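Have a look at this one before I ask anything.
Should a chain be cited, it is by its letter among A, B and C, assigned in written order, with residues numbered from 1 in that chain.
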């Protein structure tokens, strides 16, 4: 029997699943670095987070929402990995499970599942954990390559936290900077922090892979990083004694992870190029504001969540350039 | 401290007084006179806001009808299909007018091209919208006049009165129908028609809208009207006309004698809610009649207790 | 390569699959019976001028234009009008058509059937337009807009550019490509005639550079012509769309809701140029055309020259017969073509190809939830937001859809092609266009 359907009769080999697993592949270098520096603790957190994210996705879909199961499309796996990347590697196992429940249950499924959530699920969960368990979420294990030790017991602050604390205690930057990791160490990821955010290099490699595979476009990461660089650069030029230099601001904390993997989350980012640039600008600006004047040393998660909230407005305000409207407008 | 209290009380008091004066003037200056009857009319309307009367909602209908009643002293052209005669009587009473009673109407699906009668010749893939499919092709059964079965009428209905029968692929109207006409507008092929409900819900109609030649029509659907003209000849009341190979029964002229049903060679003419005839089991055993027979029983029970129209309006108001 | 011109917004790169490339055009025999639908052009259907039982010759007028935007219709064969009846055509509906029983092949006397190239173009613009109208030529690219109407710009508008569309951006199709290779000289003459009719000083032949042989051929043929140039274009679908082609060649943008003449451009397909050549120099009406018959399972993908009205089954016979696992027959290309319900539909003036899809490739992939990836917005050549428009159509908010310029959609299918969630975006957009179009018509009637 012949089939009748509207054109087009071709479909590209693009699929949601392909995109999601593409993101997973892009996350592998950073995952490797995490395990390298934070040891089996990191691996445990990642496995727990992914496993329970998948479990909650299946459980909620099966018993609460109904409809066809989507755990195989990879979106829950991406959320799980990103959640793990956003927590310290020594987080207790039950906190990771709570995190997975919050990410999938509150962050994603309560809105109706994939594609309907307003906020990035992994970040919702991270912020939830941060305000619920502030101590556990801010005691960062010191990185040491897996070859040297298997157990991570020593904890210390992140470079950003160290600066914030030091400045709060009335010290000057000149006193504090010698204790910070070098740029090379920051690039490789040899510093304290959430397990996936430390290595800027690994994250950039993942970002380039996603750009090459056309999973993301350049607008959001570039605008976030550029804004952070420029705004912190201006502050640094005004008073290098009080504000850290822009390169430090780019390489430390969650900026790289946020710009490349969290802000670019398709579901929660704007649809048009102009909107994406504004979105990235907003994230960069809020991040620097929180870092410099906020109560927390790091503000990427809050910045992204805040900008997520205005995405519907951005979508409304920024329309793509319509064909054949140039003359009408002028 | 005392004077602070006094000052604040005084400031606020003066502010309140000034505002009150402003509000008073504004209120009296911009006062809109509204006929109290509009509200009265609105309260008796069913408040389904279905638009079946031709106005955007019950309030608009109340406004327009009140205005017209005042000006023209008549309610000509105003009819709430959902509320029917009862509601219109109440509206007329409020407005101090008399109205003519209208016969109750019901939506009738004039297609019988079920999967059995008009087997699928092609397989359709796409959005479930008749409007889209209508622009794309003739239909899975091959009849370009027949029901596409994708349920635009079901979506349009506000009263839960029309549903798809998954076995036949055709919509079925139930007695919740208020004849608002939404499905008639929604159907891209004009298959649904508002017809008189008929005495005791008895009605006869041609369940086909195929305007093609008989040979083409019957090729795609075994219960199509082939325009043979037998019904036209047998009708004693000039109720049946045939235009472009399609028979149509005028429900104002039809006296429900059922002769046309007997002569129709393709069973395209339907009788609804009649008692099955004993000498002609062929007609009575039409498979499509089955669900309707059940309906008849239900309605008969209702009719014994009270008028079935009352029960209908009650249901629709819920 | 990157320096080549193309249009700016959106666009996709579907696999080309030009299976029938370099297959010489074969003339197909005349079948024993042809079906000539009356509505073969955009606009009003033609009005019959012959009756049932009448004898007709090949090329004889059988129906005249039924309105301003309409075209004449000629008998593609000689024989007897067997019936005038409703017959299923490419639209999926049974519509009025001539059914002609073929007897011999006797042509009208005034038609020059020789293959000799005529380069003499000494005609006045009025003569050319009259001859094009008399020959019943319509846009051969698929839109079937009557050509003579396009050749008469509305008062106050002046054409500056004639763009000959040799893009053939649809995957699989090769009819235009092959026509340029074999009848390039004739196309150049046709182009000159069209330029004369439009009184334009410049013509550009746009060809995508996946057809280097055609570009070379046309470059050689237009070497002596100052006013005709060949513009190679970067491969991108839907470059063959009128508005996209104008943008690619001239950098001009046709304003929303307006015709190309607004920016001084007229676009004609290469097939149309060839038909114009035949009509003007040889008095031959549009009674045959080149059709690509193709498909992955087909034995002999071919480019066939067939008479209008030949049933599709006859073409498939020539191309090696209908493969067993055919799940879909498409009239046209895979991106914009129409799936047809039976093999009996006739070839019409706008049929550029017949494409067979295998059963496993004929079904839509399962639809998933929209992940708001904005790929549809990125690829839309008209700068629309298909995800938004489809949602508006789905929820019945057609007024908003109109504000979001749903009517600008050219139905190229790029959005649906690229959607990772397999949402039938174009289905919804078409639904929206239907409803908004009805709304606009209702408004203008008031």
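We take it that a contact is a pair of C-beta atoms (placed from the backbone, for glycine too) under 8 Å apart; a residue touches a chain by one contact, two chains touch by 3 or more.
For clarity, every value in this text was computed on a predicted model and none was experimentally measured.
Among the inter-chain contacts, the highest number of C-beta pairs connects A-C.
Compare each chain's C-alpha centroid with the centroid of every protein C-alpha atom shown, and the nearest one belongs to C.
Most remote from chain A, judged by the distance between CA-atom centroids, is B. Mean C-alpha positions place chain B and chain C at a centre distance of 43 Å. Distance between chain A and chain B, defined via averaged C-alpha coordinates, is recorded as 55 Å.
The distance from the centre of chain A to the centre of chain C, with each centre set as the mean of the Cα atoms, comes to 49 Å. Shared interface positions of chain B, i.e. residues touching 2 or more other chains, are given as 121-122, 125-126, 132, 136-137.
With touch defined as above, residues shared between interfaces to two or more other chains in chain A number as follows: 2-6.
Those residues of chain C in touch with two or more other chains are numbered 92, 338-339, 341-342, 363-364, 424, 427, 430.
Within the complex, the chain B residues that touch chain C are 121-122, 125-127, 129, 131-132, 135-138, 142, 144, 212-213, 216.
Across the interface of their complex, chain B is touched by residues 85-86, 88, 91-94, 338-339, 341-342, 363-364, 394, 424, 427-428, 430-431, 434-435 of chain C.
On chain B, the positions that touch chain A within their shared complex are 120-126, 132, 136-137, 140.
Taken together, the chain A residues at the contact with chain C in this complex read 2-12, 14-16, 18-19, 70, 73, 75, 113-116, 217, 266-272, 319-328.
On chain A, the positions that touch chain B within their shared complex are 1-6.
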